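You will see subunit A twice below: alongside subunit B first, and alongside subunit C after that.
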Partner chain A sequence: MKMPTLKSVTTEAKLLLIGIPVLLWTLIPVYHLFLFSISPKESAFAGKLWPDHPTLHNFEVVFGQKHYYLSHFWLQLWNSLLIAVTVGMLTLFVATCAAFAISRLKVKGGRTIMNLALFTYFIPAAFLAVPMYKTMGNYGLLNNQWALILAMVTIAAPYSIWVLKQASDKLPYELDEAARMDGATPLQLFRLVYLPLMMPSLVAIGTYALLLAWNEYLYAFLLLSNDRQITLSVALGNFLAADDSPWELLMTVGLIYALPPAAIYYAFKRYMVGGLTAGAVKA
Partner chain B sequence: MASVSFHGIEKSFGTTKVIHGISFEIHDGEFMVLVGPSGCGKSTLLRMLAGLEEISSGTIAIDGKVVNDVESKDRDIAMVFQSYALYPHMTVGDNMAFSLKLRKADAKVTAERVANAAKILNLDPYLARFPRELSGGQRQRVAMGRAIVRDPKVFLFDEPLSNLDAKLRVAMRAEIKALHQRLKTTTVYVTHDQVEAMTMADRIVVMHDGRVEQIGEPLELYDRPDNLFVAQFIGSPAMNVVSGTVRRANGGAWVEAAGGVRWPLGHTAGADGQAVAYGVRPEHLSLGGGDAVPAEIIVVEPTGAETELLVQAGEAQIVLVTHGRPVVNPGDKIGLAVDPAMVHVFDQKTGARIAA
Partner chain C sequence: MSTLAIPRVEPALPTGPAKRRLSPWQTWGLILIAPYVLVFLVFVVYPVGYGLWLARHPASYVRLVDDPIFARSVVNTLVFLIVGINLKMLVALLLSGFFVTARTWIKWLSLVFILPWAVPSIPTILSIRFMLNPEWGIINHLIFRFTGADGPNWLNEPSVALAMAILVHIWKSLPFWTLILIAGRLAIPAEMYEAASVDGASGWQKFKFITWPSMQTLYLTSSILSMIWTLGDFNSVYLLTGGGPADLTHVLATLGIRYLRLDQVDLSMASIVCALPLVLPLVYFMMKRLSK
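The block that comes next holds the complex of A and B.
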């Protein structure tokens, strides 16, 4: 075995010095969340690394909707899911069509449109929240879940278009030409050649938009107010309205709310790896 | 099967004109090679025929029908791309069947045609594989198979062999040629490699800077190049060219080059005092006798069957190829015998051939 040189050891040490704090920084809040969720109410603030009497009682309360704040838990979870999935699908549809038109059909002015859309990111989404509220009011969509869906698609679309456009540019243009000569119409090209080859990027972007909507609080809070319409993230916020917030339940719901994104990420991780285009053209 | 005709074709990209009025005919069943250095417009011309580039001016007709405004898919032509452009997510069989599926051909007919093409190209064992699992030569054959199954009027090849290694290139060259002899489909083949052009073509179009320099059968171009460009482009090793002035005296004629070297002229081309480019192919020179051009050997390159010699004659460096293995060494003084009947003379200014 090769002896490690002093330089490689120092480099390694430096990386560890940065890495370990970052890891702890990330994991401690998650652990805290977990700790709260298995602690009884009275010992939640005991400050121990492991509770004296770990319990699943909190989960029982949450799943059974046995608390005032949790009376619509399942419905709100379903709202979150429905909105997130719809936002993911709609964003994918909009962004894929746009990227195909700009990158493959080379529609005139397409690049300008894309840059204009990206330009909207110069304005923080929080500043746009009030105008968006007003706009949705004008459309009569307030307190309608479509308001949140449309707002989230608006926020997710520019970045999605940009990423998909970059990915499209990497597909060899000769594939399009070959398909055109083989007799494909633009729609057939889109469906039979473009979509299958873009699959990894589509999954990545779909996941991005879905998670963005799942995690959204501000817009959901502004645009929805009815207890039966709101998402779980807004419901979580409502926990803090009272003086004696049930922290252990808040943390339990938070933990449950954090699980689907983690699951989705791990399920689709393999799609985020490229390599599908190998063999299309010369290496 | 079809003829193709180009008439007054021009092409501009923005303000840059890349093709300056090209007209020629390709006969039914002919194997036509477009050859020229990079940037001469040969690929652009092919892509216009394919319908992948707009035609700025002029007309292209297939079988007498002008196709300028016909979509590529309706021109009934098939193209093999330099990068193969195989669909990576489809198997070899699906790649070949794709065009027929788009045309909603009968499934049985499709399967039959794919099987037939696979048989011709020895691809039977690979039909279920994906392009990424194939070697370069096999991918090349799949690309050809995709063209064959359509049974088009015209095959287009855009530098199809340039991604292959030297040995495979020679093998595929023969395969494409054999394929053409078997199918007898009109073929337009673009390459920058004059050896490919010479070995495969029925006729060659030599292009340079967006213009046609000469059109003819391979040996015709080799034996009687119309101009200096064709003379130097066709043939390997390239033709030796020496600048000089025609001199006539006492019934004799020669070209006097820098350094006072006299190159013999057999025919009556060129007037006394005319500035010319004197061209002679390496194999028309030999180590020779009394009235030979004096030269000194610089490099000896034996290849086995023949020997290539680089020699200095006056200020010019000349290549000559001899069969056999002459006993010579660098530094030897020799005489170069020229076969005057095989000499080419071009006008120095225009580069045009001065007819004998």
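The block that comes next holds the complex of A and C.
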């Protein structure tokens, strides 16, 4: 009786020896963000691990737009939301149509297009940023939110098409045949059979594209510069421009900006983790 | 979603003799794939072609190679890749073993552990940036409190700053790769371990003869894909160090933006072209893997 107990104690101790550093490593930067948001400036800058007088004053300043850097806070939050939702919907539209055409309608050249899309997916987006910036300049779209929306759809679509095609290939082909026998048109098949069956993947992909757009920084700051056009991510980056940045406000905005995607991620975790791992593990 | 509203009463195909007739299924296939093809032509083919055209002068490459920052960035990128990928994947491999241990608290911990991946990178990178602030940052405050000595000026020493950027990158992407490797471990049938236990195999032997052989392909694929993504990691460097001090911590992903800022678009494009020999073989590998 004695030995197993000792052994199990050492096992637990070993597990804790890994678990505690992992917890600290993960949480410290996030806790630091939270700490700043509830600390008065002096307390945050004095390196306190917990403020003597926690306060919501920073949130008051942010929500009331009572600082030079924050004069368009609500508008920028709205921009982030609007752009993310539009990107999510447009990506879903483009990717679902393409996946249906490639996987179910077996359109000629579909395979080539799938491969081209996949190729685009693997080229890091950071390398396409400068060409995209110059292109949007040529198209006269700089400082127009459509530039960012279209760029993000371009970046999000390849992976979306690929995931939807994989999911779509798994649907039994007899369904299509039965629908054809009954004289369904391709669009009826799409609307009445395909879309309902694909719902889980569609939710996953819509969320993926939405989060990608909400989180984007590089393309957003390249393509948008007007204070009334930019997203919250660019506004956060702009705080860095000054030497005396109000870091406690920056962190408060950062926390507000980080909460929605984190909430969505955890709410859709089942889809996200499942979809993403399926993609990579299969490879 | 506008196509959904298009009337679905498509008349039976006219059996026109002159036109190569497409079945309505093929016709609709072409219509439905058209939006993506359009996006691809307008926002991928044109920009890439235009970019290559901007980078067409050999003189740009001569100036690029003459710029010491370029050579420095290539070295930084290689260090970032070699250290970053190996450290990240090795830790992910070890942690995946930790997270498959059946304990309730480990399940909860795994939920917390995903946080860096779930939150956008800008706020957390900025948070880390301030933690590393030599005067006001919490790390140097703690160092001072415990040792009485001033902590280092973290982001002012190029090699330390680059190391910090690598750590930020790992902090952000470790959860994702750990999840992937957890899935890989869970796919190994438990009976194999049970059988090994019966034969008296040690933990290391189980890893060496069961876990690693079943996971090495996944580990390699993950490393390659992670390499591609790491090459494109703009935020970890740009938001932490801004490429500084003195432009000495740039990597290829941020260098293009530096030249753009300096109004040298041809150098910007040329630097991307120079990164292609590094990227394309990796992309080729992934394409091969996925089309299998």
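List of remarks:
Keep in mind that, in the parts below, the second predicted complex is superposed on the first by the 240 of 283 C-alpha atoms of A that agree within 3 Å, B and C clash if a C-alpha of one lies under 4 Å from a C-alpha of the other, contacts with A are read in each partner's own complex, and residues count from 1 in each chain.
Following the convention adopted for this analysis, a contact is a pair of C-beta atoms (placed from the backbone, for glycine too) under 8 Å apart; a residue touches a chain by one contact, two chains touch by 3 or more.
This is a predicted model, so every value here is computed, not measured.
In the superposition on chain A, contact of A:196 is made with subunit B only, not with subunit C.
Contacts of A:87 after superposition: neither subunit B nor subunit C is touched.
Contact with neither subunit B nor subunit C is seen for A:149 once the two complexes are overlaid on the shared chain. Which of subunit B and subunit C touches more residues of subunit A: that partner is C. Shared-chain residue A:175: touches subunit B; no touch with subunit C.
Once the two complexes are overlaid on the shared chain, A:188 sits against subunit B and subunit C alike.
Of the two partner chains, neither subunit B nor subunit C is touched by A:204. Shared-chain residue A:18: touches subunit C; no touch with subunit B. On subunit A, the patch touched by subunit B and the patch touched by subunit C overlap at residues 188, 276-277, 280-281. Those residues of subunit A whose C-beta lies close enough to touch subunit B in the complex are 172, 174-175, 177-184, 188, 192-193, 196-197, 276-282. The part of subunit A that touches subunit C in the complex is made up of residues 15, 18-19, 22-23, 25-30, 32-33, 36, 45-47, 49, 89, 93-95, 97-98, 100-102, 105-108, 110, 113, 115-120, 122-135, 138, 150-151, 153-154, 157, 161-162, 185-188, 190-191, 214-215, 217-218, 222, 233, 236-237, 239-240, 247, 250-251, 253-255, 257-258, 261-262, 265-266, 269, 273, 276-277, 280-281, 283.
Across the complex, subunit C meets subunit A through its residues 1, 3-4, 6, 8-10, 24-26, 28-33, 35-37, 39-40, 43-44, 46-48, 50-51, 54, 95, 98, 101, 103, 105-106, 109, 111-124, 126-128, 130-131, 136-138, 140-142, 145, 171, 175-176, 179-180, 183-184, 187, 218, 221-222, 225, 228-229, 231-235, 238-239, 242, 252-254, 256-257, 260, 265, 268-269, 272, 275, 279, 282-283, 286-287, 289-291.
Within the complex, the subunit B residues that touch subunit A are 50-52, 72-73, 77-79, 81-89, 98-99, 102-103, 130-134, 136, 139, 146, 150, 163.
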